[in-house]
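Structures incoming, each one as C-alpha cells.
Shared chain: chain A. Partners: chain B in the first complex, chain C in the second.
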Partner chain A sequence: MAHQAHAYHMVDPSPWPLTGAIAALLMTSGLAIWFHFHSTTLMTLGLILLLLTMYQWWRDIIREGTFQGHHTPPVQKGLRYGMILFITSEVFFFLGFFWAFYHSSLAPTPELGGCWPPTGITPLDPFEVPLLNTAVLLASGVTVTWAHHSIMEGERKQAIQSLALTILLGLYFTALQAMEYYEAPFTIADGVYGSTFFVATGFHGLHVIIGSTFLAVCLLRQIQYHFTSEHHFGFEAAAWYWHFVDVVWLFLYVSIYWWGS
Partner chain B sequence: MAEDIQQKLEKYRTAPFDARFPNQNQTRNCWQNYLDYYRCQKALDAKGVDTSPCDWYKRVYKSLCPLSWIEKWDTQREDGTFPGKI
Partner chain C sequence: MFRHFLTLQQVSRRQISSTVRRQLDNNVPDKQKLFQEANGIPVHLKGGVGDAVLYRATMGLTVLGAAYVIYELVKAALPQKKD
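The block that comes next holds the complex of A and B.
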C-alpha cells in the first residue's frame, strides 16, 4: 500500500473550483444581462451554482479533515494562514469604503452646503438603535469566546448553548438593522451621505449574515461531535471572522454614526 | 492697518492672498466669501445699519468665483434650495 512520506495534504481532484469559476462567470454576465435586458435567469443560475459549489466544497473539506484525518498540524497551520490572509483582504475591502466616507465628510463640498451631515440630511441618533446594535455585537463577542472555552474544556452543553446564543445575537443585530434601514429618513440615493452610509453599513450587514451562517454551520458540527477539545479549527476560523465583523462595526459606529452626525 | 473700509474698496484690484486658503484649490475661498457677503447683509440689515462694509466680500467672490456658480447659487437662494447656511 502506498504511503505519503510527509504530513501535508495532497488534495484529490475536485470539480468544485471549476463550478465555482463557472458560477462567477454566470453571475457577472447575468448581472449585465439583467441591467440591459431585464432578465434574471442567467444570474439566478449562477447564484444556484455558487450555493451548490460552496456547499459541496466545504462539505468535502469537512470530510477530508474531520472524517479522514488529513488535517495534520502543518495542514492546520496552512489553513490558519489562509483564514488570516482572507480576513486581511476583507480589512482592505472595508478600508476603501472608510476612505470614501472620510474623503467626502472631512471636506464637504458647496453642493452639500459645506457641512457634514449635508444640508437636508437628518442622520440617525447614534444613541438609539445604533448603540443597542453595538451592545448586541459586543455581547456576541463575549458569547463566542465563552463557546470557544467551552469547546476547549470539553463542556458540550455549554458550547452548544453559548454558540446558539451568539447566533441569536447576530440575528437580532440583523433584524434591528433591517428595521433601521426601513425606517431611515434618508436613502442610498440621497447624495454622497446616502451612498457612503448604505454601502459601508450594507456590506457590513452582509458580512454579519455570512458570519452568522458560518457560526450556524459550526453549531451543527458541534452537535454532531465534529469538534474535539484540541482540534476545532473550523470553529476558530468562524470566531475570528465574527470578531472581525464586530471590529468593523465599532469603526462604522464611531466614524459614520457618531462622528458623522 | 486701521484702514477705512471705503479706502480698502477703492484700492481693490483683485482678491488678496487669504492665508485661510493657501493652496491651489480656491473653491472654499469663493464659497466662504459668497456666504460671508449674504450673512453680512442679513446681519447688518437686521440691525438696521449701513451694509457697505459687506461689499468687500462681494468684490472677493466676484473676483474668484466662476460666473456659473454665482448664477446657480443666486437661483438656489431665490428658490429656497440654497444648501449653505445664511
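The block that comes next holds the complex of A and C.
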C-alpha cells in the first residue's frame, strides 16, 4: 500500500463545505423572507443544516487527528496559525462595535442632551452584577490555566475538575447576564446608548456561549482520553478563545459599564 | 533512570485509574484501529452505518433546502398580481 512521503495532511473529499455553504444561503435568505413574509421555515432549515454541518465537520477533524494521526507537528503548526488568525479577525469584529460606542459617547449630540449617558438613561451600576461578572470571568481564566497544566502533567482527574469548573463559571456568567438583560431599565431601542450597549454586550455573550460549548466538547474529549500530555491542541485552541472572550469583557466593562456611566 | 521514570508513570497511571469510574475505559486504540483500516472509505463515512444515515439526512436537507430557497427567492422577486 502506498504511503505519503511528507508530513502534511491531504484531506479526504468532504461534503461539509457544500452543506455549510447551503446552510449559510438558507439562513441569510431565510432572514430576508422572515422580515418580509413572516415565515421562519427557511431560516430554521438553514440553522438545522448549520448545526448538522458543524457537528459532522468537527467530528471528522477529531477522527483525522486523534484516530488517524494526521495532525503531525507541521499540520499542528498550521492549525495554530489558523486559530490565531481567526481570533484576530474576531478582535477586528469587536473593534468595530467599540468604535461605534466611542464615536457616539465621546461627542454626544444635542439630541442626547449633550451628555453621556444620554438624558433619561439610567445606566447599570458597574459595581454590582457587572463587577461580579468580571470576577467570574477572571476566575474562569485561572481555572482554564489550571486545566491546561493538569493535562500537561497527566493529572486526569484534576483536568476534568478544573475544566468542568471553567464551564460552570461560563454558564454562571451567561445566567447573570441574562438576568441583567431582563432587569435592565433601558432597551436596545433606547437610542444609540441602547444600540451600542446591547449589540456589543450581546455579541460578547454569544461568544461566551460559543466558548463554553467549545470547552464542553474538550471536557467530553478529555474524559474519553483523546488528549495526551504532549498533544492537546483542541484544548489549547479552546483556551485561547476563552482568554480572548475574557479580554473582550474587560474592555467592555471598563469602556461601556464603568467609563460610560 | 529511564526505567525509574517508566515505573513512576505506571504507578501514577494505576493510582489515577483506580479513582475513575470503571465504565470510562480508554477506547481510543479501538477507534484508531477502526479509522485506520485500509478500506478506502472516506473519513465522514468510516465510522459505520450511523455516519451514512446522518450524511443522507444532511444531504437530503441540503438539496431540498437549495430547491426551496430558489423557489422562495423567485416568488419574492416576481411581482404579485393584484386583483
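We take it that the second predicted complex is superposed on the first by the 261 of 261 C-alpha atoms of A that agree within 3 Å, B and C clash if a C-alpha of one lies under 4 Å from a C-alpha of the other, contacts with A are read in each partner's own complex, and residues count from 1 in each chain.
Here, a residue touches a chain if its C-beta (ideal position, glycine included) is under 8 Å from a C-beta of that chain, and two chains touch if they have at least 3 such contacts.
This one's a predicted model, so the numbers in the text were calculated from it and none came from an experiment.
Student: Classify the contacts of A:Thr145 with the two partner chains as first (chain B alone), second (chain C alone), both, or neither.
Tutor: Neither chain B nor chain C is touched by A:Thr145.
Student: Classify the contacts of A:Gln161 with the two partner chains as first (chain B alone), second (chain C alone), both, or neither.
Tutor: Touch status of A:Gln161: no partner.
Student: Which one hits more chain A residues, chain B or chain C?
Tutor: Counting contacted residues of chain A, the larger count belongs to C.
Student: Output check: A:Ile48 vs chain B and chain C. Expected answer is one of first, second, both, neither. What do you get?
Tutor: second
Student: Pick one for A:Gly114: touches chain B only (first), chain C only (second), both, or neither.
Tutor: So A:Gly114 only meets chain B here.
Student: Touching A:Ile33 in the superposition: chain B (first), chain C (second), both, neither?
Tutor: Touch partner of A:Ile33: chain C, not chain B.
Student: Common interface residues of chain A with chain B and chain C?
Tutor: The overlap between the chain B and chain C interfaces on chain A is empty, containing no residue.
Student: Quick one: which bits of chain B touch chain A in the complex? Just the residue numbers, please.
Tutor: Spelled out, the residues of chain B in touch with chain A are 27-28, 31, 35, 69, 73, 83-85.
Student: Across the complex, what residues on chain A touch chain B?
Tutor: 109-115, 118-120
Student: Can you check the complex and tell me which residues of chain A touch chain C?
Tutor: 1, 11-16, 18-19, 22-23, 25-26, 29-30, 32-33, 36-37, 41-42, 45-46, 48-49, 52-53, 56, 60, 63-64, 66-69, 154-157, 223-226
Student: Could you please specify the touching residues of chain C with respect to chain A in the complex?
Tutor: Against chain A, the touching part of chain C is residues 12, 16, 19-20, 24, 26-28, 31-32, 34-36, 38, 42-44, 46-47, 54-55, 57-59, 61-62, 64-66, 68-69, 72-73, 76.
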